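First chain A sits with chain B, and in the next complex the same chain sits with chain C.
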Partner chain A sequence: MTSRLTGLIRPLTAIPAALVSVGILLALTGDDPFSAMATLADGAFGSSQRTGETLTSFVPLALTGLAVAIGFRAGLFNIGAEGQLLMGALSAAAAGPFLADVPPVLSVPFVMVLGMLSGALWGFIPGYLKAVRDANEVITTLMLSYVAFFVTEYLVTGPLKTDGVLPATDLLPEMLRLPRLTEPGQVGIPDLGRLHAGVFVALAALAVAAFIAHRTTFGLRSRLVGRSVTASEYAGLDVRRTIIQTMALSGSIAGLAGAVQVLGVSYRLSSSFSPGFGFTGIAIALLGNLTAIGVLLAALLFAVLQTGGQVMQRLSGTPSSIVTIIQGLIILFVATRISGIKQVSTMLVRRKARGRRRGEE
Partner chain B sequence: MPKTDRGSTFFDNTVVPGGSNEHPIVELRKVSRSFGEVIANESVDLKVASGRVHAVLGQNGAGKSTLMNILAGVIQPDSGKILVDGVPVTFRGAGDAFEAGIGMVHQHFQLVPSMTVAENVLLNDEPRRRGLIDRRQAHEMTVAALAPLGGEIDPGTQVSALSVAARQRVEIARVLRRDVRVLVLDEPTAVLAPNEAVDLMGLVRQMADRGTAVVLISHKLDEVLQVADHLTVLRTGHVVADQAAVGLDARSLANLMVGREVDMTHNEEAPQVVGDPVMSLRSVSTSPGAGGPALHDLDLDLLTGEVHGIAGVDGNGQRELVSVITGSVAPVQGAVLWGGEEVRSHSVRQRIDLGIAHIPEDRHDQGLFLEEDITTNLVMRRFQSPPASSAGILHRRTIADRARSRIEEFEIRGSAEQRSRELSGGNQQKVVLARELSGDARLVVAEQPTRGVDVASAQFIYRQLLRQRDEGNAVMVVSVDLDELLTLADRISVIYGGRLISTWRRDDFDVPAMAEAMTGASEATDPGSPS
Partner chain C sequence: MTTIAFLVLLVGTTIRISAPIAFAALAATHAERSGVINVGIEGCMLFGAFGAVYGSHVSGSAAVGVLVGVLTSAFASLVLAFFCIVLQSNQIVAGMAINILALGMTRFGLDQIWGQPGVSPSVDGLGVLKLPLLSKIPVAGESIFTQNIIVFLLVPITIGSHFLLRRTAFGAHTTAVGELPSAAASVGISVWRTRFIAMAISGALAGLGGAALSLGQLTYFVEAMTAGRGFIALAANILGRWTPIGAVLAALLFGAADALQLSLQVLGVELPAQALLVLPYLVTVVVLAASSRRAHAPKALGEPYDATTPT
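So, the complex of A and B:
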């Protein structure tokens, strides 16, 4: 446990470094960095609604970050969480209208499982191709993301398009929507805006993932296969099966992110459904040092930046793209120093060596 | 691009062969170096003179590697002086030492396997014409560089296709091509078969006679005594002997290294009652594949209470044989019997559960997860079965308890949470042994079990393997070191070209016949080999 926490210290030092750099950038462009940061913080936490909004955007970021981390821990560069998320969202949005009369105790979990299965399928395919055909998962997951993106694009503008001008599916029936934690106008309770029950799903997923990683044979097997295929084969671990299972698990968490976002926030799938949750998840996984607790903290940070940035742009006119710059810089600072990325780069080197060895044989 | 002609360099060297102590090429004076609290070298003196083979001996952890790395500029000393031709110098890196004429051939070759011999030999120093590499000249330069080393190596061959011995020559050629006056060889024969080792030692002698100073690190005492002119023995970072090699024998050297009497004999007692076969291979053939020849129609019985040695030059099917036994390769033909039951389609994991322990040749790539802690490495082959886990849930307390007792029992110097990368080579091998030998194995397969470990560790490993035998298990030892098998095995089979040529029992070990069989010379006359 201590080692898991100390692993987070170095990534955390990247954050002040990034903020200082952005401060300088803001000063150079004539903005007041301190007031901009203050507005950003105010935007993220200034009211109970804003805090609720921040936590709302935390949900998909935590889940996609977790999905990516699960793959990376096993040495599998699943950079296709975006596509897996879209497949999860698509199945949730497509199944919704058929479940209008089913009690939510059944229909909500059903839709979540459906989303996980769709995401798992989108992770299984590259996993299978890697295990059996030795296809590089970086390429296959990325390409399958495009497939997912254009499939959803086609469906929301064609077969599944709702009436009207919007390129989107029908809205989910009321019964199927995840309940909000607070309703506006309740007396004595702070209004948390759009924050929905999905936040508990995200927290549960993080807890389950931590358990799997540290307490189960699958978690250990998955990590060992990521460390070394040669040693894993010697140890009698089923490398192919592990790769396929891990990719499917990783995909299923991204799929869950999509389903929860549909059930709790958008209630439909539209062509602007995801602002790139799956890709931000890569940054979150790395900043979080590939651990569940790290992903939790990193997703919170990114949620603060995104929500705060939008408010900042509205209130002070400072462009919210500043937030993107901060995120980019954090990753840059993390990449130049810490173990999460170091692990990834040593895995890349080892993979090259492995490829060489294969060539030798 | 100056053309380097090795031959003329050798003869231009005016130092009289035989060398003289008064004018060393390189001298280390009172050199000390510590790592944290560990003192690797303390006030060490070393004089390297031309025309001499200078052997540096010591156990693992005695400070040999540190000293050699200081000599080769890789590590800087905390205190003390380095003098080249009597002038004090400071090496800031291996490049500086190389400039001064000191080249080192590391135990793990620094070759790029996917590139050709010529590309490796000339790496970073390629002859160019109009900005492009001049292939014809490169070929000639490589031939010239390889010529004094003997043997036929085609500069166009990819290094990965070469035997270990050939790779080593490429490595030596690469270092010698620059005007190297001091050649440091770090355990060069550890990877060679007996005849190859003899060839290499001949080559070392020749190089010294031509005036090169050769510094030789080795664990094989007999071989050191044959070739070395001068010996420096290190123990716990200090020089305990520095003298001419004349008049020393292996036993006194071993005692110097260890600092106490070493029992150099291992298997004098008659073996216990030899029982039934634990594992039998019947007419096993494999498809030609990775790294070595396919097995042809191979029969082998591994009996309880017996150490069965597999002798042979590297790359004659040893790896395939081990793979068939441990389950990573399925034979295309023949039977693999475990106590009479066919197990040819059992996976590696199923064979572990049957009771097949495996001490692999390569600790770094295969035997350990270097980034994982000792606890995980001790359980890596068994965590998917009880008692380490049940129903997919790890029993962490059981795993931790067992790890603690194994660390104690096998005297592993390291804590349970320590990553195995941070351990010394000897302790890494102990982790492998502790894992493989403390279960309920019925068959122990050990590949090159003492490669790269010192005398005391080798003794420990021999004792452990013999204990397995005495407990009634079958032990198979694969080694390219025939001496090792002669001391350890109750029965020795020679493997050549994927066939078992012949088998000798301990009471009729015939060393000349074994050596002949290892070269394949006796294949035609052996009645047991298929025609």
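So, the complex of A and C:
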């Protein structure tokens, strides 16, 4: 009970603290923070299409947030979800055109699994290097993100480039695209814009991940390794295997995010495919306290910030970079340990007491 | 181009390209020797690169710019230090926060100061210095010993760092709080103060690296221009076994990968641009995999120290 409560304190203080900090920053630069926030909220919820757009960006954010959380829970700082997402998107976009004649019941799951495998490979490599060669995964996952970026950049401008000027792959065949939840012009139903069936994939992934974390031995092993590698070794756990499996699983979820984004939204891979879903995933995982339900809520918040921020920039000229700043501040505040704050107050009290004693002398 | 001319070009470019990574690698060494993993080096470099351009823009002098960059970065590093040392935040998570903050704040700054996204206007950059005598060496001298001023700072700063860590009381304190903070505290060394100073040095060096990038190699700021160099620097520090000279030599190796791709492009080698651009990142992964050297890491690396426990 107490651990659940303290788990809530940090996210619940981090959000207002970050918003207030950004509000002050905006006020200092001569912007009206309240109208900026109002425009942002309007941008995220102002119409049914905008709400739909917010929920559309929830899908990749929830999945990358989950991917990062799976790694972090095992003490593995997979900060390369961006690259794993790109690899998943790449394989989906590359395989798509060959599946025009396959019934969607088969082709859609196939493409998702393919995306997961590609992401898993991009997570397996740093996992293997960590487990076997003790290579720091903070560095290797980020480096591999750059590698994934240049690989996709090369392919969308070269071998896989579609006809025309766009640096992008061919569009997916109609059959393969995930259906939208609403069509414009339907009577009695609000038009939710580009929101697609992939949202159920994201929700299902969150549920499955929660099950794996709490109801399987793998989930337990993974969390134990996160708590203490030494203790896990004493308990006879195969730490190396757990590290490799966790990193591959983490990567596969990020890869799924990329594949679903291709199947449901962009229908292709292009140079501007990801606005940094994988990096936002880090903030989401931490704000969500590394739990599935937490990731769900945090992903919603960041979907609001991201979608609203873009509209805000378009309408009122307040730069959307403040969303990145909010993201950084939230991570910074969430990272603060309650024990750390207690310690500072202890020291301050002691110092004051010492001062008082000196005063009395 | 003859083979010799190509090699000379390669060495000259390597030195020029390596300087930002080398300064950042020294930044990593100073922080980690005191027990703090400075994952925020990437962000500090970005703050430094931005501060340098802004300082030069306002004052019209690149030297003032470098100073502003160094101070901005040192300040960012001290903020991170406060979270890592005093508030005992997870060092990797807090470092990532600084990186993301740097990305957002420099983008915000570009918009507020110059009202344009992505790139700043050109400002007064660092001049090029021809080392007397050495640059007169036939064939190689001209290319290798004609560099922008900040590159030449690397040699005294590397030697100075080596000297500081190996030959001074502060260096001994740094090593002590990085290896066994409780023991250091029991003989009267302030763990927190030592780590704060190490983080300030680390931030200043990262800022110098950022300035070398924005005012040395270019004369303007580009959004996210550090492009992972802070992380390559962390790898260089590991490869260099947590020593200043080792870290700088490792940085030269990574710089060589970068220089190789530039030189090959100059030669007009028929390869896709991306195949060359990806080299430094691939080399970093391969080198990290080949050199697992945990054994050389400071024992208390990444562990917060509770200074309230009475000893």
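As a convention for this text, the second predicted complex is superposed on the first by the 329 of 361 C-alpha atoms of A that agree within 3 Å, B and C clash if a C-alpha of one lies under 4 Å from a C-alpha of the other, contacts with A are read in each partner's own complex, and residues count from 1 in each chain.
We take it that contacts are C-beta pairs under 8 Å (C-beta built on N, C-alpha and C of every residue); 3 or more make two chains touch, one makes a residue touch a chain.
All values derive from a computational prediction rather than experimental measurement.
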Contacts of A:R227 with chain B and chain C, given as first, second, both or neither: first
Chain B versus chain C as contact partner of A:A335, first or second or both or neither: second
First (chain B), second (chain C), both or neither touched by A:L129: second
Comparing the two partners chain B and chain C, which touches a greater set of residues in chain A: C
Contacts of A:T216 with chain B and chain C, given as first, second, both or neither: first
Which of chain B and chain C A:G236 touches, first, second, both or neither: first
Touching residues on chain A, where the partner in the complex is chain C: 25, 29, 77, 79, 125, 129, 133-136, 138-140, 142-144, 146-147, 150-151, 153-154, 158, 279, 282-283, 286, 319, 321-329, 331-332, 334-337, 339-341, 343-344, 346-347, 350
Parts of chain C lying in touch with chain A, wherever the complex brings them together: 39, 83, 86-90, 92-94, 96-105, 107-108, 111-112, 227-228, 231-232, 234-235, 238, 272-275, 277-278, 281-282, 284-285, 288-290, 292, 294, 304, 306-308
Chain B partner contacts - residues on chain A that touch it in the complex: 3, 215-218, 220-221, 224, 227-228, 230-231, 233-238, 356-357, 359-361
Chain A-touching residues of chain B, taken from the complex the two chains share: 113-114, 160, 289-291, 327-328, 347-352, 358, 360, 365-372, 376, 380-381, 383-384, 389, 392-394, 396, 417
